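Each in structure tokens, the structures are laid out below.
In the two complexes that follow, subunit A is the common piece, with subunit B as its partner first and subunit C second.
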Partner chain A sequence: MERRLIYLIMIVAVAIPILFEFSWAPSRLVSAERMYQVIEDVRAGEGEIALVWLDFGPGTIAENQPQAEVILEHLFRRRIPVVVLSQYQLAEAVLNSIPADIASRLEHEMPGQSWRYGEAWINAGYQPGGAQMMQNLAAAENLSKYFGRDVNGMPFTHYPTFAALGGIEKVKLVAEVTGLVGVFDTIIQFFQKSDYRPTLVHGCTSITIPEAYIFLDSKQLHGLLEGIAGAAWYSELLKRNHPESQNDRLLVRNTALIISHLVLMMLIVAGNIVGFVRARRSSDG
Partner chain B sequence: MVEASMWSLVSTIIGGIATLAIFSFLLKENEFYRFFEHIFIGLAAAVLPLLTIRDFLWPKILEPMLGLNVVVYPDGTVSEPYQPLSLLYLLPMAFGCLYYFIYSKRHAWLARLVIGFSLGLSGALAIRGFFAEALPQIVGSFKPLVVFSAEGAINWFESFNNSLFVVTLLLVFNYFFFTFGKEGSIQGKIAPLGRPLLMVCFGAFFGSTVMARLSLLVERIQFIVRDWFSALLQVVG
Partner chain C sequence: MDPRTKLIRIVTLLGGVYFLVYFLLPKSVLLQLGIQQNHESISNGFIVVGAMAIGLGLINLLVGHGAKIVFKRAGWSNSAALLIALAVMFFVTCAQWVGSLQSSYDIREVQLIGEFASRIVSDDQDASRRDTVPSVSQRIGALVGYGQSKAAFMRQMVESQDASLDSQESRRALLDELRIALNEFQVGLDGLESSRVASLGEGNRAVMEDLVARATRLGGAYSALRQSDQTLTLFSRLYGVLYDGLFVQLGAAMFSLLGVYIAAAAYRAFRVKTVESALMMSAAVIVMLGQISAVFLMLHLGSFGEEAYRFLPKVRQWLLEVPNSAAFRAIRLGAGVAGLMLAIRMWLSIESKSFSSDKRG
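Take a look at the complex of A and B:
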């Protein structure tokens, strides 16, 4: 078959649910449920935070952005102060836009309540240095001093919530959202002390799911979001507990993905049948 | 606010054009595609040094070293005292600059000092990282073959899962065991059993890779259909 016809079939298959905005309920994913419970159980006292690494850019935004959104929405709803930061230089835009969008959505949903920058979250920006940076971060006795300033150049001490963060023991949750090989490993390997290892959850792209399962199985990971499907099920859990939560767009995206898989499987089966019939004909004739 | 929405509109329209330009490669290689490919590469290359300077070199190294982070208030007091020890940053910076001697035939040995230091550092980090990452996985692979529930009954599903895991682990280990000749031995006879298990693993990797690519397609189509068309209609209307 002309390859361009296959592209067209795939694009049309994907576009139909998006155009008509219909969606199916997402499949239940145990690892996403486990992650929901982990975040639900986080108790952050004075000076305690969640560290959310958004290590993704345009290349994996399709899967990582919905994951980052549901994680941040859950943390914001639970009023856990969040430090967003990244080891990936192309994450600059998402570090700024995603928490601000979630905060704005929640403020719209709950008039009278606010999620302000510097109170609900702070953006520590791009953190270069890989393993060495991660070791220094784990060894820092005062994270406010370690980060120094936020991405806008304001000292952390300017914001009362983040003025005296203390060391790694004050990090109650680490969430790593990435599709980059090696970046996630840096946290597993170096963000720990001999007597303390923060709870770690991970949003991964579909490509890295098989790899991530190893860490889940060894209990180095406490929860996992597998691609769009993981984010979709997590958003469904959020909606069950907070009916005002919006996940229509994500469910449409998940449905389009399911349909594209079905079409792809049909094309594979059809291709094999055609190939088989042709082979039989050529051997007969 | 008006400016922000205008900026959002413009960036959405440019984003849509860039997406269509990259998708045009599906038809055939063309100049429209090439133009945007070069823009993407240029942007990605420029962002790294810019952010390294803005978020790291300037605020964490140069500002403290030059004392520019010290604010003098009108009453003459200062926000924080100048730390002369920050001048010690000059030593590793000077050492790092030796790398540029790689361009000199006569003094290239100076660059090798930096390279050697970097290799040693990376090696040490890799060893530490390996143990921190792999040890819990090795411990995690010691699974009970028979799992009992809280009531004392056998949990058949978990027991089967664990047995499958252990059998797969041993067969794949055996497949990659090349220390002794396998010909004629039991080890050699069971070695091929590792191959189909590896193929299952590769299949899972391939399937998940296809899923990731389709996710990208879905997100872009959603952007084009919902956001880009709306932005275009706003401009036209």
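Take a look at the complex of A and C:
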């Protein structure tokens, strides 16, 4: 009975903001601010790109999708050409839908401007091979040739923006969003050369935050989005600089998370009080 | 040791030796040995071998669950559901992919017009290429012919879609954009055809550059319409229903259970009984409060709320960056050493008992 009541409390706590669509301001997260600044400082010249790994599927879509959205929105706004790809086979659907949705939203927001497939971004699809593939990618002298074809089977060389990408030195930013363990490490370990290591930012689920912090501390990672809270603060920064940016839905999700955190803390306190009272009773008895 | 076991062990050892040698030897030696030049192909070969696991998994599923269905073993209906879902998803995904591939090729054919026109201009400016390609008049003739055939095809498509178009505003806008781009392109193409360009002087080059701009716009408009069409095909919709409507939701539902389990665990297991558990609980509460510190501002707690808003994220950051990082580094170092040992054991086939006939025997 006790357990069922806890389940009910949690479900109601998460459901209320989503059903009534109300939101609270997100909390400031230093790691997300750093990441915003890192992407803001990226200077991509001709033939230079950002690689965005979307290594997530249905399981962590609730946390990772908002992160992928804010990163791509920022890169699109800055007109940095993006190659989206994944080490996770179940990411195929998000590789197609997220950049297209962001492009469509930006086009709606700014009539007359366009973000088109093949110009603003290209989808290199699922890349099998893990560490081996990552080493080959880092060693490739021509990334367009390495990828060969996009997810639709069209050669990279057919898209002028991505026709002659050059080697790893042309990758000005690597962004990786995942909830999986061991996927992000592959990039840190192998996507580099002895004389070049691209700027790396990462979006992770709440569970993997502690692991990501060791790379943030060692400066191998230049920016971090911590779960939905990180994405919410990032979207707030985007909104401050681009007031027309839409982040209402994300803030509603973040509010559900804030309330669930409060409930969780109340449950910890309640659990301790109940435990203390029971212990007293049993010692008295 | 049977020959199969021997072969597996030899291949495993050689695979390991290859990567060890590649890592240790300097690049100049690798080049001399011809390894560097072929490394990408060799490692792609290893990736292909790894990718075969997908096929192997598929066969395994079919054999395992197929046998269950054929012999009506316990839970055969679940196996049938799995195999039917597999077959349906496989078919729909393939059909959707083929449709999208066709759409991409059609788009590409239109985009080629602008690129070809642009190439004619650039080749004419490059003295080294000018003599290696057909004459300007020949190439422009081919460009006009190809452009006219594509324009006719698109005009036919616009007219047929116009007649059958429903009230979708966004699709009508895309169709209107294509119609305008098509008319502009036709004007440019007719101008080029009537001027009978034999060489590219200043004036003619301007005409060609104008055509490039018109063709690029046409390519963009056609691409937008076809991509929009692609999302409306039967297989794209079916894929959306199966993947977004079913698979994503089921996956998210599975993960959402974690939230309620954590809540129950917080209540039942997070009890302060020792100094260590008190420290752990304090750290957890501070990290959570640091993540939702804006709540203190909303509660209108005056200067206390403002201080908490400023102070808690800093403490959270310190907890994650210092004690947490120290502990995690130790864990990862330990795991790394263990991983290395396991890799060496696998390389030397000490771990591969499952391939050995001794075990089976």
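Simple rule for what comes next: the second predicted complex is superposed on the first by the 284 of 285 C-alpha atoms of A that agree within 3 Å, B and C clash if a C-alpha of one lies under 4 Å from a C-alpha of the other, contacts with A are read in each partner's own complex, and residues count from 1 in each chain.
Operating definition for what follows: a residue touches a chain if its C-beta (ideal position, glycine included) is under 8 Å from a C-beta of that chain, and two chains touch if they have at least 3 such contacts.
Since we're looking at a predicted model, the values are computed, not measured.
Annotation for the three-chain superposition on subunit A: subunit B and subunit C clash.
Legend: residue contacts after superposition of the two complexes on their common chain; A:Ile214 is shown touching both subunit B and subunit C. Of the two partner chains, neither subunit B nor subunit C is touched by A:Val42.
Using the contact criterion defined above for the overlaid structures, shared-chain residue A:Arg253 touches subunit B, although it does not reach subunit C. When the shared chain is aligned, subunit B and subunit C each come close enough to touch A:Ile11. Looking at the shared chain after the overlay, A:Ile188 reaches subunit B, while subunit C stays out of its contact range.
Of the two partner chains placed by the overlay, neither subunit B nor subunit C lies in contact with A:Ala164. Of the two partner chains placed around the shared chain by superposition, subunit C is the only one that A:Ala270 touches, whereas subunit B remains out of contact. In the superposed model, A:Gln132 makes contact with both subunit B and subunit C. Only one of the subunit B stretches 110-118, 128-136, 146-154 or 182-190 carries C-alpha atoms that clash with subunit C in the superposed arrangement, namely 110-118. Under the contact criterion defined above, the residues of subunit A that touch both subunit B in one complex and subunit C in the other are 7, 10-11, 14, 60-62, 128-129, 132, 135, 153, 209-210, 214, 217, 257, 260-261, 264.
Within the complex formed with subunit A, the residues of subunit C that make contact are 39-40, 43-44, 46-47, 50-51, 100-101, 103-105, 108, 111, 115, 220, 223-224, 227, 243-244, 247-252, 254-256, 259-260, 262-264, 266-272, 281, 284-285, 288-295, 297-298, 309, 313, 317, 320-321, 324-325, 328-329, 332. Partner subunit A is touched in their complex by these residues of subunit B: 26-27, 44, 47-48, 51-52, 55-56, 59-60, 121, 125, 128-130, 132-133, 136-137, 139-141, 201, 204-205, 208-212, 214-222, 225-226. Residues of subunit A that touch subunit B in their complex: 4, 7, 10-11, 14-15, 18-19, 60-63, 89-90, 92, 125-129, 131-132, 135, 148-149, 151, 153, 179, 185-186, 188-190, 192, 205-210, 214-215, 217-220, 227-228, 249, 252-253, 256-257, 260-261, 264. By the touch criterion stated above, subunit A contacts subunit C in their complex at residues 2-3, 6-7, 9-11, 14, 24-31, 57-62, 93, 100, 114, 116-118, 128-130, 132-133, 135-136, 139-140, 150, 152-154, 158, 160, 209-211, 213-214, 216-217, 226, 229, 257-258, 260-265, 267-268, 270-272, 275.
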